[in-house]
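In what follows, chain A forms one complex with chain B and a second complex with chain C.
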Partner chain A sequence: MNATDNAPAGAIPQGLHEFLSLDMMPLIAVTASAATLALLGSFLVLRRQAMLGDAIAHSVLPGLVVAFLLTGSRAAGPMFLGAALAAACSGAAIGVITRYGRVERSAAIGLVYTTMFALGVLLLELNGGANVDLDVDCVLSGQLELMFWSAPTTWSALFAEGALAGLPVQPLRLLGLLFLSCATVTLGWPLLRAVAFDPAFARSRGLRPASITAGLMALTILAIVLSFDAVGSILAVALLTCPPATARLLTDRMRSYVLLSVGLGAAAGVLGYLLATQAAPLLLGASVDASGTVAALSGVGLALAAAHTARTRASGHAPSPTDL
Partner chain B sequence: MILRRGQDEVPLALRSLSVAYRGVPALWDISWEARKGAMTAIVGPNGAGKSSLLNAAIGALQPISGEALFWGQPFQHARARVAYVPQRESVDWDFPVTALEVVEMGSARQLDWVLPRWIRRDGAHRSHASEARACLEELGLGAFADRPIGQLSGGQQQRVFLARALAQHADLLLLDEPFAGVDAETEDALFQRLRRLCADGTTVIAVHHDLASARSRFDDAMLLAGAVIATGPAREALSEDNVRRAFETAGHASHQLV
Partner chain C sequence: MAHPKLLLCLSALALSCSGSDPASADRQPRVVCTTAMIGDLAREVAGDTASVTTLFGPDMDPHLFRPTRDDVKVLMGADLVLYNGLHLEGYLTEALERVGASGVEVVAVAEQVLLEDELISDGAAPDPHVWMDPSIWSRVPALIAGELTERRPDDATALSARATTMTARLTRADQRFEASFAELPRAHRVLLTAHDAFQYFGRRYDLEVRGIQGVSTTSEASLSHIEALVEIVVERQIPAVFFESTVSERSVKALVEGARALGQDLQIGGVLHADAPGSAETYEGMLASNVKTILGALSVGFADAEVTR
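After this line comes the complex of A and B, so read on.
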């Protein structure tokens, strides 16, 4: 008798079982959240509002903390409401400061979102002792390690009814959000393009650019809120802006821009996770926070694309209006 | 409301229209009627409210009093017959969109906005794409249809905008500085195209920055400086006297052109 015969018939190999239990759900969460944020972020970058994504991601924090303190849970509904309310407050504050403070809009945005974020951190610190469930660390970098799944050990159990009932809910929620965002963008494609390109014209055609922008913004806030578990708030910003900015440098067709952006986001998610959990233990002796590697990778991608573009432009390959 | 006789023949009628922008009044008590089939230039010093006038007419700015009526109706009931071309600065010309895709925004009708073309099997999208292509070709941009707009020159970009307006098959064109950044030759071609539209009964109202060509090429003019200084046939409305008065009203010391 050798070692393998000790296992019951139809057992899932140990390596695969380990992957299913420890890595599969976090990997899904990181990838789905990265792809969703990159997709929605691509519309922010198109309208040159990347700063706004940054501002939203930071300023929703006090809303999240208050919602958590009031309900005592991290249920998505109240968290989203809190975040949306905080975002709305920030938007109003930015408007008021721009109008009456006589400063430029970007200065007002910078002022408001840092204040809101600081307020959130302060609230967290003040209540940190009482709540192990929400702390600064998890807000900054997510809690992927909590997404384990006690996977069945045999194939038959894996495919049996109810085997998937124990799956952690956050990754599934993120998958649902990815699906919802993709469907929205696909169905509303001509509309979203027209509204992003020429809002004044879109308005004259009766397309309501303000409502459409607000809807997209609500979806973005939802994505940021749901991504907190997966990648944390700082990371949400990196994924909202880096993959779209990279894609923008590489193409000037809208379809390939958005697809590339989603692809780059997903790739940063997968590679970043593998780097943190598989490569880091070999290189550093311990695994590192996946959210950090994911964000760093998307930043490196942007730097590479920028270097590539700069070189192409310098050698005169890029078409310019004067070529015509 | 009791319509005046023949009101549904007037493409655009402004009735005591006043507009304030961020609390500062921009237009006072504008009353004016556009002539069907005519080309009207809206002329005035910087800050005279030319763009605000168009924006208030199409409801992008809420007037503080008065109204704008298109064929006797408010804009939301007439928008299918009106093509609006915004100022070129209002658009990001680096946007990743091709010339053809921009013009297709003009030919798009209802369902075209919310359903991607591969979902639809009724062939409607094919006709709207070929229509858009025809409009581009008419303005001499057929070869540039699939170019991203960022690769086009300023004049070509303006022609794309005008092609989009043509694709709307509108009865009234509202153009905000349509000849900005356009070379003389292109301007000539565009004017000829607009002329032919007018001959077919289309009405053109354009914010225009050049006094000389406003006098020579347009039928009518409205001289603005917050309030209406003069209206009527272009040469008369834009007389030296009137223009000087407009600049004085607007508080410009020098009499240089906008």
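After this line comes the complex of A and C, so read on.
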């Protein structure tokens, strides 16, 4: 009973209790977030709008700062409102610049989101942002590790009243968002498919591509804002683009493309988290940043798929993957 | 343990036995401290009655600390968590509060020992660098002894004796520092440092403190602020500016070059330890090293100013 670091077991979480306390909620958060982002991203990638996700992720910063300054708290409601407004503003600005500035859409996106992000940083600095808990670093990389849950140690305590009160809210919110996104995509599937392939035809059938786009955009904004806590905004962009791009290389059918994209996203979430928290301590001696590992893993997945496609195409077996 | 399913199966059994803690009455309380300034004192006071872990490494900038899963595990297994408070721990604070809600006792040391009129604020934001004033920080051992006595009532006498010794040591050091600074000519009493960590220190030893950056290390110094500082340096003929072990050297160098351009030879006074003990290793060593460095650089030309260790 004299060691500092390996004191005898008491309340230090171990075994199943360790999993419930330390890993379960982050794992739910990162998996739900990755699957949602991959699902919504698959439609962005299909319509060659992947950069729009990047633009949203960056341009919400001034919205978050203004919401924080007005309310003085990091409550989810005002934060989301600020983020959504900022994202809508940058969406409108991209449209206006493309139309009247006579520049390419990607150039307009690049122009708007850098300006918005810079505005956010400036607002933070001007308002003594250095002294509040909202800093650029925290928006960029998220805090998965802090979603711990003081799980009950006995089965009876688990079912006792109030045992679930200490659950962190972010993973539950992300889970809800995953169901909302899946439901929306399932219900709107015929519409989504028509709009993705032939907007003109869809319009002639009385379908409205604009409303679908707006609906998807609203969900994407929601997903990115809610993912800040889980994986951070930069890594949200990685999950929005890498799994769909990987799936796009591996299949030519729309349904399997979307399903594969979601599967790859969720797999990157689970494997990345386990790699960072379970394998890294064995290999490197300490756990590493989980959200970074998840994003890196989704990038590696894309690289592997690209290498595989290049090889099969070189040997002349696979059909060209330029069109679905 | 890489396989969650395997882990679930293996540990389903363990769950039923880990519910009660048979050793809790006998085993040492586990104390987890965030900063070394708290950890050092806790270790001294606890002796062999508790095991003390410090989260922040000796060279770590607490404003930028990112907890890993291992850190969270250590926090959750603690019986007592001692942290600085006043927003020093940034977004770890929220996690500390949640650990507190789960039944672990969590104490914000700086907030506890500070009397109401002693707090220094920069606008609305409180200055967390309370440990820089040893006359205030010497109250910490008694606070720690009180917390530990609740868990180890049998060791009450030993704990309180060790706390008294520690407080006396800090008080003596404080008086030594005060005497040394008193010999420094008034015109030389300007402390120019990388970030605003020395306000409490400056107030205690009657030094005027100017920081290049704000209270937190995350913001960059603005150009106009550096220009204003250069003017002060030239006007008051300030001889030295100081680095800090946890802050980037860039803004300090900008200031030196700005002053040099206007003909004032501004020396680098040395490295101060503000947010972590760094090479000075302990809280006391860090204070002594700072005092020595500051006196050495500011008493240039005053050979009789005694440099105190």
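FYI, the second predicted complex is superposed on the first by the 291 of 324 C-alpha atoms of A that agree within 3 Å, B and C clash if a C-alpha of one lies under 4 Å from a C-alpha of the other, contacts with A are read in each partner's own complex, and residues count from 1 in each chain.
One rule holds for everything that comes next: contacts are C-beta pairs under 8 Å (C-beta built on N, C-alpha and C of every residue); 3 or more make two chains touch, one makes a residue touch a chain.
These numbers were taken from a predicted model, which means no experiment stands behind them.
Legend: residue contacts after superposition of the two complexes on their common chain; A:Asp252 is shown touching chain B, with no touch to chain C.
Of the two partner chains, neither chain B nor chain C is touched by A:Thr71.
After overlaying the two complexes on the shared chain, residue contacts for A:Val288 are found with chain C alone; chain B is out of touch. Residue contacts after overlaying the shared chain place A:Thr115 against neither chain B nor chain C. Residue contacts after overlaying the shared chain place A:Phe201 against chain B, while chain C stays out of touching range. In the overlay built on the shared chain, the residue A:Thr184 is in contact with neither chain B nor chain C.
Touching more residues of chain A than its counterpart among chain B and chain C is C.
Contact residues of chain C toward chain A in the complex are 1-2, 4, 7-8, 10-12, 14-16, 18-19, 21, 23-24, 26-28, 30, 48, 51-53, 64, 66-74, 76-79, 87, 90-95, 98-99, 101-104, 122-125, 213-216, 218-220, 222.
Residues of chain A touching chain B in their complex: 46-48, 99, 186-191, 193-194, 196-207, 248, 251-254, 257, 319-321, 323-324. Considering their complex, residues 22, 55, 58-60, 76, 79, 82, 84-86, 90-92, 94-98, 101-102, 104-105, 108, 112-116, 119, 144, 148, 150-153, 156, 164 of chain B touch chain A. Of all residues in chain A, those touching chain C in their complex are 1-5, 7-19, 21-23, 27, 125, 128-133, 135-138, 143, 145-146, 148, 150, 153-155, 157, 166, 168, 274, 276-279, 281-282, 286-290.
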